[in-house]
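Here chain A shows up in two complexes: once beside chain B, once beside chain C.
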Partner chain A sequence: MIAFLVRRLGQALVVMFIISLISFSIQDNLGDPLRELVGQSVSEAERQELRDEMGLNDPFMVQYWRFLKKAVHGDLGNSYFFKRPALEVIMEKFPATMELVFGATLIILLFSVPVGVYCAINPRSWLTKLMMGLSIVGISIPVFLTAIMLIYLFAIGLGWLPSYGRGETTMVGFWETGLLTRDGLVHLILPSVALSSIMLPLFIRLVRSEMMEVLEQEYIRFAWAKGLSRTRIWFLHALKNTLLPVITVGGVQIGTMIAYTILTETVFQWPGMGFLFLEAVNRVDTPLIIAYLIVVGLIFVITNTIVDLIYGLVNPTVRLAGGQA
Partner chain B sequence: MPLLEVRGLEVKFPIRQYELTALRDVSFSLDKGQRLGIVGESGAGKSVAAFAILNLIGRPGYISKGEIIFEGANLAKMSPQQLRTIRGNRINMIFQDPMMTLNPVLTIGTQMIECLQTHQNLSKGKAREVAIEKLRQVQIPSPHERIDQYPHELSGGMRQRVVIAIALLTDPSVIIADEPTTALDVTIQAEIMELLVELCETSDVALMLITHDLGVVSQVTQRTIVMYAGRVVEEGPTRQIIENARHPYTHGLIDALPERTNPGMRLNQIPGVMPSLNAIPKGCSFHPRCEHQTELCRTELPGYVGQEGIRIACHWVASQEQQQ
Partner chain C sequence: MIRYWQLFKESAFLYRFRRDKVAIASFSVLMLLVSLSFLAPLIAPFDPYDPAGIDIMDSDIPPSWQEEGDPRFSLGTDAQGRDMLSTMLYGTRISITIGLFAVLLQLFLGIALGLAAGYFGGRIDSFLMRLADIQLSFSTLMVAIVVLAIFQASFGTELYNDLAIFMLILVIGIAEWPQYARTVRASVLAEKKKEYVDAVRVIGLGSGRIMFRHILPNTLSPILVISTVQVANAIMSEAALSFLGLGMPVNKPSLGSLINSGFEYILSGSWWITTFPALVLILLVLVINLLGDWLRDVLNPKLYKD
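Up next is the complex of A and B:
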């Protein structure tokens, strides 16, 4: 277990190093940060001087080395726009994004397993055919379109749910949460549904196909021959085996969902990291862009580690301490 | 009255617009404590017959005709709920490949205790004791530790011992073993078979042994059924069948045994292959491979001939009998 975590930590460092290198090397192609930093009235000579001062004219490796030295101490540079540490700015928006991802994940977990299992054990029912049809539709519609349709229907048409922002939030330590107030929860519904709209159908199909494959296995036939009840065969013997691949694929997909938050947050004016990232790109706020990419990379590494740990708990043939599984 | 009696069993598989007949008019019976062998090549319908008894044929197959009388009740007509009280309780099964039979994510103990708790009103502690006792009976060393292990921690032979222990848990009256040693290492095949037979004998359990190994059948069983293309072609006491086979197909099977050929010589074989279910020949389904075929064999399905306890479906045998 400890050996596993140490190995994972090593991998994480390598991943973070590569991410920082990539994001650092694209910064020159994003545009000129000076254009946003200073007004029109500043002369070219003064701009050049400012560039020297900021170190923007140094060779790439010099700049990168300087960045890396600071980054090791948790300093990812100051945001050009906010004039504050980039990491601090990102972390302020971090809770909003995480709560959005949490809401979407909850929807996915709550619906994908029961619906997927139902579709697997009743492959011929009309409800299964309907679900499979709908899931194709769900996967094919882009997130921003789903989001706009949701707003049109539930916010404008029916007027049931708010269409933008986080609503009322409270501070729990450093974490600004919308989960504790009714207003905050109501604001979370539409963005979570929109964010889950691609992953949910994908998960339903994944659970269904894995479960159908498991149901064909010899040990399930043996379970029937043992005279066990249907519920025990489906929900213990089959489901436990179904969940193994679902956990592996699912963990990666939940990481990918963070990428979709950029779209969802933009449509719903959700004050999270994705929204901030898009603004940062517009403003050529390089330190903020790099900080965002590094934080997202870190979230990826952490979720994958958690997924591997859970997988080890469910699958007896994997022994985390023993190295090779 | 026999313990288990199968009468005129027919199993069909609807596939698109066709209906394939996997079993045709299969009848046999099994007495208490008796050991019956069912032999035939792959595709003869041996396994279908075995699974049909507990109505466990994979979809879309179904029993279209016939009766399966067990302890006075017709299993073919039972509701799934009633059938569950027979499955894994009164009639138990042993599958071919122990690597695939046990659920990989549940411990041996869980998979044994659930049988006892489903069919008998036992507490978990008591069920565990019974399970450990059965593991000891199948000669698994240190059953107290093994019971908490997962299947992947056991060898193939050990796993098949566990499967046998599961089959014996509820003190059934019939065990259906579908090629129980085929997937095992040759060195332990005999050991496992011996154990199975010994345990069936001591608990007076009837054994239905499905196999393509005539050698095993001759050592283990009292009666034998030979199947070809979904039909019983010969039935009789095992000794009679091995020493004095009448049906040309049974003849061919026995001639193909390696011990019937001198070392270094080519093994005898039956020419041709078993027809697939959608291309079963008219008349006697064995006729294209038979050296005694006549016009009658090509057109008419042979009925059964033979005296008490022996049945043979063959025109050639029938004509010989008439001449005598």
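Up next is the complex of A and C:
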């Protein structure tokens, strides 16, 4: 287990190192920080002097080391547009994105497990066939189209739900939440449904195929022979082993979901990190782009490591292999 | 050639295909879409790339069956006055082209790296698979968005627009190589243990020949199965990137950028600019996915699972 943990942490460090290198080279090549600071009106000699003073003429490794030291302290430079620390700007939008991901995850969990299990234990029912048919249609519709359709139907057509923004929010400490007010929750519905729309069919299919595989196994047949009740076999013995692979795939999909938040946030003008990132790209706001990369990179690395650790805890074979290594 | 045709005609593959209505329907729709889009220069009523043929006065005309419709433009026009039908035909061609070439690039990289990892094993294998793990943990879309965003910011929009189609193929192609590499590696590992590989090695063939002439053909069925899904995914990724404004520019739109340009007008009631390309996109991806599902059932390869 310890060896496993160390290997995972090593991998996480390598990933963060690569991200920091990429971020640094973006900072180095994209835009001129001097021009952003002083404008066009300064003479060339003064410019050179300023460049020396700011250390822009230092060797690559020296500059990279300085960047790294600052980054570890949470200093990623000031956003050109907001004139405030980039990390601060990003972290303000962090809760909005996380609440969106949370809403979508909730929908996925609530629907995929029951539907997947139903489809696995009733493979021949018409409802299963309908669900499988719908799921392949669901996979084929891009997230942004689902989002547009939802807006068109529920916001413009029926006028039931709001189509953009977060609505009323309250501050809980540093966390700006929309989960406590009715208005905020109503605003969350359409974006989370849209975000979950691409993953839900995938998870239904995953739960179904894993469950069907588990139901074929010897120990399940033994449980039947022993005369255990159906519900006990299905929901206790089979479901447990079904959820194991679902956890790993689920962990990887969290990363994909962060990417899809960019699409969902754009369509719904949800004031989260993804929306901010696209704006930053359009304004060539380099520090903000870098801050986004690093924050998202951290989210990826942390979730992947946690998921692997949980998997290691739940699955005894991993624990064994790690102990021997 | 005739012998192969004969073999194909009598194969179980074709037999199962002819008995499956969904497969036949999906295949026909796919062929129809592909041929229509590649014949676009011949059958499209207008040339959407020709600025002289576009009149801004024609913009925002609804489809011809609606009251304000114009019989010249059967599916209406977009905000720039381009005929929707022609623009969509050309756009579908771009989407399919990007999807196919991106998958070809993935195939090339994935097969080369997957074969090497599976055949040589050891350090090469663990390095490549660790790399694949890391790259897969970041989703393709995320990698593509970041890379394209950085390129767009550093090239400037104008130059970027000229290079967009190559950039999209490169980015989607490179970002997805682990899918193939893992599948190929898993099948190579299974094949390597078989007797025929020992036999050719005893004969004294070189490892290149063994890899490409003897092992590779036996890994083709999983490759074929994931290829269909990969084409569908590549088309979807391209659409998503174009929708974000990081893909094909407005003057050379793919389906995704058409949907994007229509999205601004959907609130003012011009539903047709978004709806028609969206329907084509969904239909295209859906039939490819259905074919992929059918292929998976027929070939039933042991796919690599995480």
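Observations, loosely collected:
Throughout what follows, the second predicted complex is superposed on the first by the 259 of 325 C-alpha atoms of A that agree within 3 Å, B and C clash if a C-alpha of one lies under 4 Å from a C-alpha of the other, contacts with A are read in each partner's own complex, and residues count from 1 in each chain.
The definition used in the following text is that a residue touches a chain if its C-beta (ideal position, glycine included) is under 8 Å from a C-beta of that chain, and two chains touch if they have at least 3 such contacts.
If you're wondering where the values come from, they're calculated on a predicted model, not measured in any experiment.
Counting the residues of chain A touched by each of chain B and chain C gives the higher count for C. In the superposed model, A:His237 makes contact with chain B only, not with chain C. After overlaying the two complexes on the shared chain, residue contacts for A:Ile294 are found with neither chain B nor chain C. By the touch criterion stated above, A:Val314 is placed in contact with chain B alone, chain C being left untouched. In the superposed model, A:Arg221 lies in contact with chain B only, and not with chain C.
Of the two partner chains, neither chain B nor chain C is touched by A:Leu195. Looking at the shared chain after the overlay, A:Cys119 reaches neither chain B nor chain C.
By the touch criterion stated above, A:Met211 is placed in contact with neither chain B nor chain C. Of the two partner chains, chain C is the only one touched by A:Gly255; chain B is not.
The interface of chain A with chain B does not overlap its interface with chain C at any residue.
Those residues of chain C that touch chain A in the shared complex are 130, 133-134, 136-139, 141-142, 145-146, 149-150, 152-154, 232, 236, 239-240, 243-246, 256, 259, 263, 266-267, 271, 274, 278, 281-282, 285-286, 289-290, 293, 305-306. For chain A in complex with chain C, the residues that touch the partner chain are 11, 14-15, 26, 29-30, 136-137, 139-145, 148, 152, 156, 245, 248-249, 252, 255-256, 258-260, 262-263, 266-267, 277-278, 281-282, 284, 286, 289, 293, 296, 300, 304.
Looking at the complex, you find that chain B touches chain A at residues 54, 56, 58, 83-89, 92-93, 95, 97, 100-107, 114-115, 118-119, 150, 152, 163, 166. For chain A in complex with chain B, the residues that touch the partner chain are 217-219, 221-229, 232, 236-237, 240-241, 244, 314-317.
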